[in-house]
Structures are given as C-alpha cells and as structure tokens.
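For reference, chains read A, B, C and D in written order, and residue numbers begin at 1 within each chain.
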Amino acid sequence: MSGNSFGCLFQFTTFGESHGPAIGCVVDGTPPNINLNEEDIQVWLNKRKPGQSRFTTQRNEADKVKILSGVFKGKTTGTPIGLLIENTDQRSKDYNDIKDLYRPGHADYTYQQKYGNRDYRGSGRASARETANRVAAGAIARKILGTTIEVRGALVQIGPHKINRDNWDWAEVNNNDFWCPDPEAVREWEVYLDAVRKSGSSVGAIVEIVCQGVPVGLGNPVFDKLDADIAKALMSINAAKGIEIGAGFSTAELRGEENADEMRMQNGNPTFTSNNAGGILGGISTGQDIVARFAVKPTSSILKPRKTVTTSGENTEVSTKGRHDPCVGIRGVPVGEAMVACVLADHMLRHKAQCG
Amino acid sequence: MSGNSFGCLFQFTTFGESHGPAIGCVVDGTPPNINLNEEDIQVWLNKRKPGQSRFTTQRNEADKVKILSGVFKGKTTGTPIGLLIENTDQRSKDYNDIKDLYRPGHADYTYQQKYGNRDYRGSGRASARETANRVAAGAIARKILGTTIEVRGALVQIGPHKINRDNWDWAEVNNNDFWCPDPEAVREWEVYLDAVRKSGSSVGAIVEIVCQGVPVGLGNPVFDKLDADIAKALMSINAAKGIEIGAGFSTAELRGEENADEMRMQNGNPTFTSNNAGGILGGISTGQDIVARFAVKPTSSILKPRKTVTTSGENTEVSTKGRHDPCVGIRGVPVGEAMVACVLADHMLRHKAQCG
Amino acid sequence: MSGNSFGCLFQFTTFGESHGPAIGCVVDGTPPNINLNEEDIQVWLNKRKPGQSRFTTQRNEADKVKILSGVFKGKTTGTPIGLLIENTDQRSKDYNDIKDLYRPGHADYTYQQKYGNRDYRGSGRASARETANRVAAGAIARKILGTTIEVRGALVQIGPHKINRDNWDWAEVNNNDFWCPDPEAVREWEVYLDAVRKSGSSVGAIVEIVCQGVPVGLGNPVFDKLDADIAKALMSINAAKGIEIGAGFSTAELRGEENADEMRMQNGNPTFTSNNAGGILGGISTGQDIVARFAVKPTSSILKPRKTVTTSGENTEVSTKGRHDPCVGIRGVPVGEAMVACVLADHMLRHKAQCG
Amino acid sequence: MSGNSFGCLFQFTTFGESHGPAIGCVVDGTPPNINLNEEDIQVWLNKRKPGQSRFTTQRNEADKVKILSGVFKGKTTGTPIGLLIENTDQRSKDYNDIKDLYRPGHADYTYQQKYGNRDYRGSGRASARETANRVAAGAIARKILGTTIEVRGALVQIGPHKINRDNWDWAEVNNNDFWCPDPEAVREWEVYLDAVRKSGSSVGAIVEIVCQGVPVGLGNPVFDKLDADIAKALMSINAAKGIEIGAGFSTAELRGEENADEMRMQNGNPTFTSNNAGGILGGISTGQDIVARFAVKPTSSILKPRKTVTTSGENTEVSTKGRHDPCVGIRGVPVGEAMVACVLADHMLRHKAQCG
C-alpha cells in the first residue's frame, strides 16, 4: 500500500531508479499457459525507448528485458513474473549541478520534503525511466486481453497544433516520430517541434488511447468504475495533468439530448448511434470503443534558465543541461497504451471472477 | 475488491440502492478520540440534499444519518463507524415504464449485460443517491484533516457559461443555488438553467475543488500519486467525464518555461510564484492550494424523447418522467468536496505511517 | 486496511459494538443471480444465537437479520449486500462495575492502551457479538459454494475431555447442546460442564471444521495459501489460541514416510490413501476433505474473583457478574464454519479469475 | 491479490523459482532514512542458508543478495527496495525422474491440477528456496522495529524429543546446528537426527518465536488481529501445519481462572503475573513477550520409496534422490523469525498511522 503496485487481480509492482543498477517489476496474477517470451515484451519496450529520433531524449538505454521467473517452457505458469531491465547509460555526474537545488516543475522539492532525502540522479524514482516497467507489464496484459481486443494510442495534439480527425489513419501512427495518426499534421509538427527543441524549450501534448473489441460488462459500478481506474492509471503517468473519457470536458457544454448516445437494434444486437460516453456507462464498458485522452505537461527540464531556490534556502537560477525530451508526451503514447491495457486485463479477470 | 470500498487506511465501504430500505456505509480507519456526532455529518448531507431549489430534483429525501457504531461518549473509538440513511421517498411505480428498456446515457444496459439483472428502480446502485454515503464519509474525513485544511468546491461552468474568475468570492458560494463563486454569473445561470429545465432538457457543468492548507508531502511517487487518487475519486462520481489538476488540459499548449512554477524564498521558506501544478508535483503535495476540476455530463433522464431499444430487442423511444436534475453538476459540488477530503485524509494517515 | 474487512474478492466488512443500536456488515463481491433471502441467513444465525441452552450465555438476542441492499426480486444483484442486526437486549448498567478496571484475559487493557479510550459496555467491539456478522456473511458464502461443498463443524474436546473419534456421527451434531459428534461424549460433557458452570468457572475447547467436496486447485502458492488464509480466519475468532491443519502439531513427531499421504489410482483418478495433509498441499486444495481445528481458550469473564488493576493504577479484584458462557468454544462452532466458508468462497472466485 | 505479496503498509512481493536465473522481492513501505546496506540483509540470509551442517540439505547456494533500488548513500529513500538473489547451484537434471509423477506430500499434484502445468525443477515456486526472500524482507523489517524490539526463534522439539524449558538459554541458540536453546537436548538431537538422516527418512519439528520489547497497542481488533496475522504469516511457511499463540492448544484444557493472566501494579505500571496470552489480548499486543509456535511437518522428499501415481495415471513408487533436509524445521527458524518481524513492522506502521 505504499503505492508501487497497480491493479487488483492482475497486479504489478515496480522498483528501481533511473541511476541504480536496474529497474524491474513483478507481474502477479497472470493466468497460466499463455505463450510468453522476452521478445513479446521487448517489442513494446522498443516503442517506448528513448533516443529513436531527434524528438526524444538522446539517452541511450538498451531497455533489454529479462524474464526471471513465472515462465516455464515458453508458457506462463501462473506464478509471479519477475522482470529486470538493467540501467546501462547512467551519467550520474550530469546531475551534480542540480543536487543542491529544486528544479521548477520537478518532484525534487516534494520528494525532499516528504522523505527528508532525494536520489537526485536522473530524478530517481520520479524518472520517466520507471515507465519502462509499465510498458513491460502492459505487454503481458495484452497477452491476457488476447487478439480480439486492441489497445492503441496516438498523439492528437502538440502544443497548440491539433490533428485533423478527418485524416485519422491508424496505419500512419507507426510511420512517424510522433505516433501521429494524421499524416498532414506530421509535417507541421516536425517544423514546430524542431523550433521548440532548438530554442531549448519544451511543449505539452495530448495523447488518445482507443480500445477496440472490449466486451460489454467490464468495470464495477461505484468506486472501481472502469473509467475511474483508467483515470487513475493515466494520471499516474509522469507529467499527466488531465484525463478525459469520451466527450470529456466538452460534455459540460452539451444538452442531455446531445450527449446521451441513442440506441438502435442492428443485426439483432443493441448498438449505439454515437459514442460520447467513450465506451463506458455507469463505470461499465458498453462494447463500444473505449476512448480516453490525457494531457501531458511540457518537460520541466529545459535549457532556458528558470528561477528557483537551493536546498539551503537561497534564490538561484537553473537551466537543465542533461539529455531530455522536447515533448515528453510522445513517449507517453506507449505508456498510456500499456496502462490502459493493464486496467482492462485486471477488470477482465475481476469480471470473470464475479460474473464469469 | 468488488469496488465498493474507497481508500487505503481511511477506507469507507458503501451499500444501498435508491429504492431499498436504506443506504449506508462503514467508515474504517478513523483515528480515535475525535469529537463526532450525527450533526457533524448531517450539515454536509444537507448541502447535497436534493429538492432545495428548483434547479435540483424534487425528490424529497430527509437524508437523515444515524451513527450505528464507532462513537462512544461523543468521540470516535477507532473502530468502524457504521452510518445508515433510510430511504423515505421511494416511488417505485415511477419506474415501471422504464424497466423494460435501456435509457440512453444511463447504466441500464451495462448493468443488465454485466450482471444479467438490474434493479431498475431509481437506477438502483447507479443512482446519484449513493453519493450521500460519500458526503457522509467526507464529513468524517474533514474531522481527520482538522481545521487548518479547508476543502471547498464551486461550480465554475454551466453549459457554455463560465464564471469570470476575477469575480471569485468564496463567500458567495453559499449564497446561491449553484455553489457559484461569481455573483454575476448567478444571474445569467438562473435564466439559462430555467430555460433548460422548462424545455425538458438538461446540461453539463464543471466543478472545481480547492484545498487550502494541505501540508507538503502527501501522496506517493508512482501509482498512488495524490493526483492519481484524486482523479480516480472524482471520476468515480456519477456522470463525471473529465478531470484536471491545476492547469490541466491547457498545459498541452504551454511551453516548459510557461508551465513550470518558479520558486523563490519568502520569509525564509521556499514558495512558488505560480500554481500551474495545482499543488502537486511528482504525485506529492507541494503545500500550495490543490486545485482539481471535473466535468459532469448533462443528466441523461430528460423529458425529451430519445431513441433506444427494449430489453427484448425492439426499437423504441423513451422520455423520462421521474423527478430529475436539470444540471446534476450542481449536486456534484458537495460530492466532489467529500471525495477529495477522503483522499487527503487517507494520504495524511499513509504519510504519517511511513514518514511521520 | 484498518482490519474490519475480510477476504479479497468475496469480502465482508463488519461494524458494530455489543451495546450500540445495531451491528451489521457489508458483503461485497457476491456473484449475481443467486437466490437469497433473509431466512437463508437467519437459519445460520439461529445456530450461533446465545441463550439456547444452559451451556451458553443467557443473554437473549433475537439476532434478527435484515437485508438492506444487494438483493432484488429474491436474487443477488452483484452489488454489495448490506446486513443489519439490531441489538435488543442491552443491559449497559451491568458494565458499570467494570468500566474502571481491566478484566484479566480480556481486551480491556489493550484497547485502552491502543486507542486511549474504550467502549466498556459488553466489551464493545471485542464482544463475541461481532461474530454474528461473520455467521451472516458465511451464510452467503455457502450460497456461492453451492450444494456440492459442505462446511461443517463439531466440538471435539471440552476441557480435558476429548471425543472418541470412532464414534463420530455427523447426524449427532445437531442433537445436543455442544455440536458434539460423539453421543457418548455428550453425557460426560453435560455433567462436566454443569460442574464448571456452577462453580462460576469456565473451560476451553477445541473445534474441528471439515469441508467436503472442495475441488482440487483452490488456494495460492506462497502467502495466500489456502491453509494460511484459514489460519488467519480462525485465529481472528475471539478467544482462539491455536490452529491446526490435518495432522497439525502431531506432524512434528512423524517421520516423512508416516506423514506424506501416498497416492493410488482409483477408478481412473488419483486418490490419496490417507489425509495427514488435511486436504491442502503447497497451499492448494487436494480434493480431499479439508480439516482444520482451533483451540478456544476458556471465557475470561468468570464469577471467581481475579486479581487485576484499575484504570487509575490501583490493585484490585474483579469477578464478572454479567451473563456469560461457561464454554465459549461451543458458540465457536458455527463461527468457525462461517469463517472457513468465507475463505473457500473467496478462493473459489480467485481461482475462477486466474485459472477458470 | 494473487498471493505473492505480504503485508499492508510494510509490504513485500516475491518472485522466483528454485531453478530459474534468480529469485527476488520488492519491499515497499519502508520509512526513509534508515541505514541499510547489503550486509545488513546478508547476515540473516546466511543464517537460513542450506549446507551449513550435515543436518540441512547439501545444496550449496551463495544466497548473495543485491540491493537494486530504494537505498541511496547508505540510507533508505522510502521508495521500493528491489532485492535480487541469483540461483547459482541448479542441477535441473536431478529432477528429470520426478517430472512425470507426483511426489507424496509435495505440491506437485495440486500445482498441476490448479495451473495445468508445473515447473518441476526443485518444486519451482513451492521450493523452500522462496523463503530466502522472506528472510531478506525480515532483515529490513528488523531495521524498522529498531533495537528495542528483538525477534528470536528457537527449535523446541524434533520428532518426539522436546527441549527442557528449564534449560532455556538464548545464548546457546547460535552454538549448535539446530537453533536449540537447551544444550542438553542438542546432544540427544544430534544422535537422533543422524539416525533419521542415515535411514533416508526425515522428521518434523516445532519452532518457537519470541518477541521482546514489543510495545502495547500493536494489532487491530477484529480480522487483522496481531495473532491472526502472525498465524497467517507462519502458516504460509512451507511445511507448516499448526500454529499456537501463548498457551495455545493447552488452553482447551484450562479453567478460566487458570488461563486469564492476572494483573498487578509494579513500579507504577500495570503488569501481568503470567503470559498464557502469549503477549496478545483481543488481537492487540499487551507489552509482554509475544510467543508463537509452529509445527513443521517432516520433509516429504525422502530416500524411502513411497507409493504414488504418474501424471499419466499409473501407479508407481518414488524415492527422492536430490539433496534434501532431514528436518526442514531447522531452517524454519530464521524464516519464522523473519515472518513475525514483518508482521510486527507492518502493524507498527499501521498503528502509527491511526493512533500515533
């Protein structure tokens, strides 16, 4: 209950700092006899891995995952799956100049005040590096979800630049450095983000996660609503500041007759004629696409000098020189996918337990 | 783990449907020797109670809370506090005409599909009535938070009509039927919502919760971030579709240097010169005001006829005749306050356990 | 996490003191569409109810249970089942003479030291009355287990007097005041316990719980072993001081070849030729009878004067005059059954989730 | 919730099989700023390590622990402590002859039936090797308990041979191969266990854990009683079949006036004149020594041939040739100590949260 575990039946517990010997996680509750090998996990880690374009940090981590337990003869045994990812590109000396001050927008100050200490190397536990564990757990969650459920993410806005939803093409998402589904936006974003990067600044973004094929009935009615658990999952990602399900904040401006998705029979089945609900009603999946978005704030580590204070209480300025992301939202896409996949896998098992 | 409990150390478990004999909850983990009586809880329930103006449902529930356990001689004993609220104004016959169909925007369809049954009277467990339990638990949470922490809520938007933040006056919040902090907006909202109500429609809203006096250090760094738990808490409220912390979705458009709150020494203490973070960095409270917002969709029960299907698979239309809220977001204010208070009380105890 | 909830997926949370207005519990996680009414629960409560013979306390509680939620049209809905049992026979004045001292063997001293307060009326939360909630939850657990699994208990020892296991007859258990399966022991026990009672003393006992029809495969391999959860369940019962599974403590004296149950094929199925394991190997049920025993210490409230101290720190003596059980182990039988039934129901749902 | 985590606030999650690349655990909830290095953990692992005398298995594991996270500059940071212990002495071929049959008294059959698979190498997850993780977590728990609380264990019975409690000398425990506190019993045990070992058999034992210096007030009153959590902790240890607290099963034979520990004022403090309660009343520590015992069944892997069945359903015999313990109860001592230390640390944090 110290907050490093996520999920109820499909549960994973993470450990590790950016600059320790390794990070890793224990994935518990996986059903037995699912085919699983390291490559199944590695493919997703490779998507999250930094240093793949000029738009993400140039830190060069192999992010090579090892399965330490829970798999025998290529199949899950039902016992906990221990995963280990060694840290290979640590340059702790990069952090000497920030160990005595609090970087604005970072967790430096709050960690120090909470714990009376702080592993300042690469932000320690607050590093985006921790999210590699989430992606690894998400890879296993996808195995539980099976092939009929697809969890995909895309970047739909960088700074003020939104995609044109009419251009949405999932096939495009893997063709550019942004997970952008709109090929026209890509060109605009490249120019824009290059300028941001060269100016030593950073910018925020919005990520959208879409889950197709989710059966009706997942989720619980009161506190552990499917959308409540997705909200927690996404808000727990570093730099997330806002969450929406379906029509989200725009529902505030809608009338009841505009918002509530009407139903019609189609081929003998009840269907919805719209999806403002984002695939969830009363906390339970409707069978429509689940649609969630989260806003990612701009990276706080920037070259531009910022006013701050030292740990000993003096005013100063800081400009971060380490290797950082001009738009950390880009790497938020595979992490958001993974977290939502974990929520779905957990609720799938919970639903099977009670109503299966 | 079936989703009817909330919180870790300060934990409450709710039960009850809209049209059963009673609803109630068990509040566990309260520290001993806190002064507590029924009136301490009743004052908050009275704020949430429907039927107090023409802008909320005319259902007339006394919402009278009874303390069944956990309090002895006016003080908490440290054992679970059982709370009971009897249902007194049940008109189950109101629901006969909806028992064989799925109301658009409601949980009727998902409950039926998940459980293979449905208590259709007043939406059963999905009724907003369940939130009375949350307000009751929140009243106890406030006792734990003490007098130096203040958790307050306000309605900042109804339909397209936002408040003018320059007019914000907390004292105004209790002077109108909307928990509106902007007296000028009130007049506009009255006219607007009267029109909505008379047209048999409904409209969405945005609620803002502000917590003053929260000490630095509450929250956990990875999954149980303070903002992640607030996101879950608020998204678990009926009709919530979006959550923001601090600058929220607008951070997507900000540059790093615009977003990260700078720090300066003031009277010997580190302070922030802005609060885009909404009082939380790295999942841990900064000591600034915690600011959270949630979007509430328009009530789905409206007089206007809507297309839907019957439980036996025929197309039909429905127009809800029961007593309902033209803007359920109004009653979301005390519920949102309560949920955030519960999150803070829980994290206060958790922080004391590990770092106190 | 304050210790008033039990179970993971089938979870119940209890509240209430002996002398408050009511006790009750919330039973969460029950599958939907199970037939359930108050009488289904009441029959088990009646078995536990005090005052049914001269061998149990003469306190006269109706122990009448009310279902407040979670059941609609005679079937469980899958939402939490709220249960309420009013306290009707409270004689708080009986407790005035013990409010300023600590009764030896009772929780008076530890409650006072832990919480800085104490509801001294009928031991407050530490009263055996709390176990009525467990029996009620157990009745619902039995519904989940279905008719092929039978959970039964018996008293196998009172004071130094053990049953003769050769005489074991389950049909006898309901024919005497002791849940004794050995009709010959009954006569001996009656004489013995009458003498104990008349002397103003009390005596301990051993309860045995046997579960027939449990399928192979329930339980988890490491911490949440089926036997570990049964051990916790039984040790959480008031006055329990020891737990055994199968051959229990006698295994300390056995050789490997005497203890390990051998296997043979029988009618095409693997079977065991003995059951020292008590139906559990490696924390997982084997398909054999699950056999658990627990020792119940003698009631601490006795007429014989005992040395103690007052809350203000003076030596004194106490002799308890209220209505009490000469052998509280008798009433431990239905409580033990209920707790084991709850563990089995929980693990049945957990097994279905992961391996179903 | 798949059963590989233990504890509430001080929680550890283990992974790893006997013959995978490594075992390990994540220890979460440790307070920050506690001095901790690998040697602090290693000393306890060395006590549990096999191969230290002819009375334990000759498997030769270094059991060398690595701290992967959660410690910075020699102090805990408050974030999860990742621990890794590599498996170095794996002889998987030893297990080829048991992969197609079920060893009596082992978890082979139940694992296969539960999961539909089985890692038969060294019993996989059911191996006693898993307990190294518990000892490692226990070492950290001891750091939380501090120097005023001492958790010690001793072997008090091997086969039919009990110690003479009058000879109890804690200093002797580290002077022999049995953790035996009675030097006279040691000589007897050596002769006895040598004979057992040479005959290719094994024998059970009883372990006693004593905790000195535990303050009054730890534990919760109903389900999470301190003794209930200790019972679960000890029953979760491989081969445990029975648990006692204080006078344990012997209380069944006691009268109320014999069992209830009387109280007297001593130097201004309430004290007890005996300790049948084993230091726990009503689930809460009394401040006396906490005394718990557990029975460990004889090792099921023995040279003597035993009847069993094959996985394909044929009758056969098995005699285990691998390296095994003639009395696995010996190695149960450091494991039992560790588990009780973990329970105490957890309840210490829980108590601080609610009542601190």
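The definition used in the following text is that a residue touches a chain if its C-beta (ideal position, glycine included) is under 8 Å from a C-beta of that chain, and two chains touch if they have at least 3 such contacts.
Just so it is clear, the model here is predicted, and its values are computed rather than measured.
When each chain is reduced to the average of its Cα atoms, D sits farthest from chain B.
Here B-D and B-C were compared by C-beta pairs in contact; the pair with more is B-C. Between chain B and chain D, the centres computed from C-alpha atoms are 46 Å apart.
One inter-chain figure worth recording: chain C and chain D are separated by 26 Å, centre to centre, where each centre is the mean of the chain's CA atoms.
Annotation: 39 Å between the Cα-based centres of chain B and chain C.
Residues of chain A in contact with two or more other chains: 1-5, 8-9, 14, 29, 32, 78-79, 114-116, 125, 221, 350, 354-355.
Across the complex, chain C is touched by residues 1-5, 8-9, 11, 13-17, 20-26, 28-29, 32-33, 66, 68-70, 72, 75, 77-82, 84, 114-119, 124-125 of chain B.
By the touch criterion given at the top, residues 1-6, 8-9, 14, 102-107, 109-111, 113-116, 125-126, 130, 157-160, 196, 201-206, 216-225, 227-236, 238, 240-265, 268, 270, 273, 276-278, 280-287, 295-302, 304, 306-309, 313-315, 329, 350-351, 354-355 of chain C touch chain D in their complex.
Those residues of chain D that touch chain B in the shared complex are 1, 9, 29-32, 78-79, 221, 349-350, 352-356.
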